[in-house]
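Quick heads-up: structures coming right below.
Each of the next two complexes has subunit A plus one more chain, namely subunit B in the first and subunit C in the second.
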Partner chain A sequence: MTTAVAFDDRSHDFKASTLVAVWIGFAALAVASFALPESTVPAWMREVPPQWRLGLDTAISNFMKWLVNDATFGLFTFREATRSISDFLNVLLTAATAIFSTGILRGSGSTAVQLAPPLPWVAVVGIMAALGYRFGGIRLALLAGGAFLYLAVFGQWASAMTTLASIAIAVPLGVIGGILFGILGYRVPLARRIMEPVLDLMQTVPIFAYLIPILFLFGFGPVSALIATVIYAMPPMVRVTMTALESVPNEIVEYGTMSGTTRRQMLFKVMLPAARPQLLVGVNQVIMLSLNMVIIASMIGAGGLGYEVLTSLRRLDIGRGLEAGLAIVVLAIALDRLSQAYASRRLTVQGDGQRFAIALLAFTVIIYVLGLIFPAVAIYPASLKLSTAPWWGEAVKWINIHFFDTLDAIKSALLLNVLIPIKRFMVAQTWVLVTAALAFAGWRLGGARLSVLVAALALFIAFNGLWEKAMVSVYLVGISVIVASAIGIPLGILGGLSDRFWRVLEAVIDTLQTLPSFVYLIPVVMLFRVGDFTAMIAIVLYALAPAVRYTAHGIRNVQPTLIEAGTAAGCTPFQLLTKIRLPLATPIILLGINQTVMLALSMLVITALVGTRDLGQEVYIALTKADVGRGLVAGLCVAAIAIIADRLIQTAAKRLAAGQGGRTREP
Partner chain B sequence: MLRSITTAVSVLSMFALGAPALADDSKDPIKLTLHDWTGQLITTRLMGEALKAKGLNVEYVPADYLAQFAGLKTGDLHVAMEIWETTGREAMDEATETGQVENLGETGMQAIEEWWYPAYMKEKCPGLPNWEALKECAEQFSTAETKPKGRYLGGPVTWGGFDDERVEALGLPFEVVHAGTDAALFAELESAYQRKAPIIQWVYAPHWAPIKYEGEWIEFPKYEPACYTDPSWGINKEAAYDCGKPRGPIWKVSWSGVKDKWPSAYDGIKNFNISNDEMGALITKVDIDGKPVEEVVAEWMKDNEPKWKAWIGQ
Partner chain C sequence: MTDTALTCRGVWKLYGPDPKGFLANRESWASDTDIKDAGYVTAVVDATLSVSRGEIFVIMGLSGSGKSTLVRCLSRLIEPSAGEVMFAGRDLLKATPKELIELRRHKMGMVFQHFALLPHLTVLDNVAFPLEIQGVPRKERETRAREMTALVGLKGREHNLPQELSGGQQQRVGIARSLATDPDIWFLDEPFSALDPLIRREMQNEFMRLQSVLHKTIVFITHDFDEAIRLADRIAIMRDGRIIQIGTPEELVLSPADDYVAEFTREAPRTKILSARAIVRAKRDGEMITGEISADSKVAEFAKEVEAATGAFAVRDADGELIGVVDRAALMSVLIETAEAS
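Coming up: the complex of A and B.
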């Protein structure tokens, strides 16, 4: 609200005509720097010359060298400290892996002796179905049991259990850690102010940028993969915890105070239980993001489904890659639905939990013993495995042979007439002009602080000598976000109006978000060749989800009284949509676009794998050359773009919402 | 009864022979890295199985080709069986300079990398494989974006290769487009081959692609070191890189502690040697015939006992 008031004050002394004139001025300069011959714009405006640069990359590299080799706390070195953390995590991970995948082993490597086999597949499928039945009835039982059955039937069992073991450790770590940091941020305002920017960076710096330092500090192997997963998946949990605690209704807090709770009781017995539904949104995010990391985790020794996907695609076995990718999807969906059902159920009934647990344990023991006698119970028989892999390869081939020319014509037309001109335009923009325009926009939207922030971030990119690459990134992300919004918002509107359509749509976007992008990247390359167009398709597919989700949510959650008022006034359904629902949902749709921008930026590094030349590629090159500083600086520049976009859009959305007096609920 | 006892004894003695208790070698598992291409999986498992036969404790760890150097330096990983001169030299040199990683010599395989085209392109451009033919038929290789120039699909920029310089130095009317990864590179080849569409791109061997698809390497002026360093060498007197690409060995590297911790493994890895043709045959069995890597490796081990026994000194 305060920003909106401040803005209103300012707009009185800043005439609309002056405003228009300033923006026209910026636009004219932008066109000029594109249209005029290159020599008319001084070179230092295009890219900051080396002698002015910050030299941050070498500084970071040297700092890392010091941290890894020399830093010490006196009694032990920094590296010894991090290594003991990974030893501890390794104990947890080994235990989980023993249960699900390897069995209990004595020794390690090829001379290890298996003392007891892992859980039989029948037992795991049965446990999941039973949990599903208990939390959500027969439908959830079929879903959870069916998902795990898929893993067995399609020959993904061994890999999936390796992945499940690491997820079984990563998710609780992310959730508990997230809640603890969230409580800290809620209690201590200073901690919150420090954590906010750190969370921003954790969510926006590409993982590839900090992979190498993690490997040095925590050792190469599944534990490092686990740590990278937790870093990536925890931030939403922290944020959700903070907002959830803040939004606990005052009545509940007062009631707690009246019954004389201590501070600790207030937190754990009153506030956290009251915040439970919101906390669950965070848990869902942690599960989804952890499964997003499966591919990258497999690159640093985690093995599992991610490794299966990479190896299949390297052989261009699209079908195998897709089956392994879908295994990640079904794992994600099963775990997500189970955790959601668990939570909503516990709120209402406790029931005979003990009896259920005993029955489940008895079932597991019986199956386990049966598994020792009949191998087919323990390990899914190879002769019963199915695969649709060859079919997928043939399908892509068929499309390729019959439709390539059509697709190629469409692609070429778009590329030559839209993408390439926009790219040239963006690359021609100087850091001087863009920084000035951003500062002005920031000032108009949110005042001096926002203005300084966005300008400083833009200068950070420029003075690290990455301006041109950043502009290529902005072009790629910008055009992808426009396409994603153009597809996602209409779909979201339809989904918001029809529940049946929404159920189908939700399944589709859940799949798109959890299916590793690698799986569809390779067929897309086959149909569209390497280059910007392919990168754009990959980004759009991945970043579509929030545009759809937020729009549907916004459309659905307009206050019913307003709809009734509209109906009473004789609006047609179309008028209801265009005059009431859409305008009121706009702030939430804007937040959805904001999330789309964030996801698009997080795909940049992946698109470097199909040959783009932007910040993503810079991060990737740094990884291949083990250049810690270079990678982190490029990663920070991606984060800078993300934060600029985020702050500007968020402020705009808040102002819009404030102008409407909050007639929609935020998701 | 007697027979079963003799069998048991002979089995035991086989174990004893196959796995002499090596006092000097650590009982800890020696970790060999697995990457995501078939040839490397085969090479690594051949080595690993031979070491197992020697009685060593072996563990295979999936790891990224380049990220693995972080692990090799700290001793979290121990052996990487395929570091290509062409794509891994820089990372390898950086690692060996620290003294924490050791180069254990060549695998015996030679990496071939060159411009490559499918056989059906010869009809459209009869002068091939001579590189000068590319000047006339560049347009055959063009796409909407590159017209009238031809489109050459190069490897990821991180692979180096100097193709941009080569095009310039030899005056080829081509535009170099870089694929981001190996998978993307061969996805384009697969796509073009299915449609019998024009393509010319970076291919390397040993790899399944030149086995699966029929085609040829372009014959550029033969590489000499002077070509890359001395502009006056070769056809273009003003520019370097006016020749084909060098062929380079594929190296074996290890963590520098391997020598002391598993001395007999260290010797075994140093002795490992296999030729391009042998590897090509094994890759074919896996990628074209669809057999599992483990099975192909076991078969080879059975048929080539003297060869791998020589590596481990038996």
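Coming up: the complex of A and C.
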């Protein structure tokens, strides 16, 4: 069945010709606003004038000022509360940093005296390899040990250990916090009803937007970075905990009751242990998200690898940036595989684990003592360090010498002929017209409720005075999504048709997805410098995976009977693809595009670093100025775009699938 | 066996908008269809039964007939919509949460269809779990758990995890665990239904062996009539939430309350169910008596002996009173009934 058929069932009350006429009308108006001289369109339609705006940014900023300066909980003020949280986290962070990176210090700054050194590098590499061996055998041991060895050999040790120290605090906090909120949501339906939309929003508001209030409340420094990381990494753990507790088999809960457990015993001795496998999947997610935050967190004061990447990127020192970026990737892969192996391994008897822990502790102590005697055991000798930075620098130079003209020509041609015209077109669109078109589309697809929702979100953007910037964002995201789909869907089709190809492809996109979003920027900046074109390529790379994955899944999971029917009817393989597989897979492909849009939007703010002029940049500027209201409002506008796209595409996919008489199952 | 351990009277469980209010207002409805029309699912309807001390009381019914719901009402895992459940001298439905915890810790044990073992604990820790949550010291509870593990034949498996055991072994753990606290009443909800037929038979024998040692008061749920016959002192047959008949296997076979019950009993192994008392005829004057049989012994137990002899056997009850005789012809009629039924 085709798209037209699927949409027709709802349109019988509305003649198809009228529908076409309306859309042609919208298109004509859109072209007119672009083509006619600027003076023909009233200025208030382009950007809502200041006196009509909501003033949300000022309100938020004033509220934050009030919080920090005047708010009090009776016994203590708000400022005292944030300060004690900050002190507490600082203690944790200092302890972890002492273990991994600085050693135990007396005094501070450059006058500090080291009382005891940190963990020797040999010990850390050994511990990781041992954990790898225990969770996943010799291959994982080599992978984990090798990864940390890489960090030592390539001179990333000190930064990596600073990063690891903050991860070592952020992950437990995120996990414990997530479990606690999850339990609350599981037990108290009201709490759950409040938390669900908040979690949804947290996943669509760009991370930068909530860096700002944290920066405002806790100041610049590792503690703020830690808080941001925890807040960013916790939401999936909350969700995982709620579903994990819900899916504990009913009989096990009944057994708990029948053995006379108290509420607390039921939770801690029956339900949480029974939900352990699922909870561990959540832990893996927290680890990966924490690593994803490494670079971003360095914007508000985290040191380590993220800081290295950020400063290198700012100085356009590609070699060093790439080395540090690779180190993050290596760390991410090692921790991901370790935690995945731990989560999926069979349970073993406890006494066994104790013996292992004791052996590991003994090993660490021995190495530590050895390290006091032989410095090479404690600190990787500088003379044996390798660096690829000069090599990368040379490579970039070489590419620039030989290909600069070609690359620049490609870039300029695309910019002049494609990107800039589209950008002009988008920026010329008025909020009046776009809101009307969105409302109409929402109404046709999902009825009055959807129509009101998308129109209200569009008006929210307009009446915060961010219309033009939002249009630039839509242009950048839109074109990136189109390019990503143009690459991802064909790849997905190939992957869906050939098992061998899919195995390779899946390995590649799995790896791509473990990379922190920032890392994508580095090679692109290296080749194309800064600007919209660079941003677009980085977004495409980051957002490609779901388009591929969903397409392959959709092509693969067409009912075998339908394929047989097609074959029996004498379809050629090509006809099978175009007449059966693709049309049936369309709803799922749409969902994949939806995910691509979401990822593209989350990458948007990061690309502000390479000089785009959109909502992302608005957030970024607000961050550098610690302007809470401005940043949050711009962040909410990004979320608004995300929600509009999400609801429209999802509704379309659902209706298409309903037209086919099936349901869309996500991969 | 006159001493009752557990009684329930007029227990209802409805699922729907306001079961308690609906049941309180009984004038407004009469039949099961009225209940359904009012938007309620009937899980248990007006159940009344009493279980004697030391008895194996089996609740039998097809799937969806309300067995699990009823047994959960008896232990108050499910809150009944109406009725009373008398256990340990009090109405269980009026017990406070604290009292309930105490009752469950010391007086009730339960075995589940899918074992419900805690996946993260070893066999020993699973069996010791009910003691652990009562705060029994580690040494003591482990000694007890070892005893129970050995009792169910799992010696040597103490340090395995549940996932390393077969289904039958897992249910043995479930049984050991539910007995660790030495409960007064033992609920088993289809304990053997998830097992293969051969293992199921073995577990039934094991269960009877345990009961001959322990003499527990047992409420045993099954959907398998053969299992019910093999194990039960008395059987309650359920259908659509109602208990339609309660009786010994013999009573059910001899006088089924309706066609539904008769349908179940048709293929039942009569020689193992019927006792001498059920097939006696009056002694004819001057008839030769070849031997003696007690009135309660089952046909299968004396069939060979009677078949080999030419004369009749005197059947005497517990007081030695002659209640009639049994001969080859009587055996034949049992066999013919069995053959006709199947």
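FYI, the second predicted complex is superposed on the first by the 463 of 667 C-alpha atoms of A that agree within 3 Å, B and C clash if a C-alpha of one lies under 4 Å from a C-alpha of the other, contacts with A are read in each partner's own complex, and residues count from 1 in each chain.
Operating definition for what follows: contacts are C-beta pairs under 8 Å (C-beta built on N, C-alpha and C of every residue); 3 or more make two chains touch, one makes a residue touch a chain.
All values reported here derive from a predicted model rather than from experimental measurement.
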Applying the document's definition of touch, where does A:P117 land relative to subunit B and subunit C: first, second, both, or neither? neither
Using the touch definition from the top, say if A:Q617 reaches subunit B (first), subunit C (second), both or neither. first
First, second, both or neither for A:T257, with subunit B first and subunit C second: second
So, does A:Q265 touch the first partner subunit B, the second partner subunit C, both, or neither? second
Just to be sure I read the superposition right, which of the two partners does A:G447 touch: subunit B = first, subunit C = second, or both, or neither? neither
Contact breadth on subunit A, by residue count: subunit C or subunit B: B
Subunit A contact set shared between subunit B and subunit C covers none
Okay, in this complex, where on subunit A does subunit B touch? 107-111, 211-212, 215-216, 219-221, 298-303, 307, 310-311, 313-316, 397, 400-401, 404, 408, 412, 415-416, 420, 518, 521-523, 525-527, 529-531, 607-612, 617, 620-621, 623-626
Contact footprint of subunit A on subunit B as seen in their complex: 27-31, 36-38, 48, 52, 57-59, 61-64, 66-71, 73-74, 76-77, 90-91, 94-95, 143-145, 153, 156-158, 177-188, 190-191, 194-195, 197, 208, 287
With touch defined as at the start, can you tell me which subunit A residues reach subunit C in the complex? 249, 251-252, 254-255, 257-262, 265, 269-270, 273-274, 276, 346-350
List of subunit C residues in touch with subunit A within their complex: 72, 75, 77, 100-106, 108-110, 112-116, 118-122, 129-130, 132-134, 159, 161, 163, 181, 187
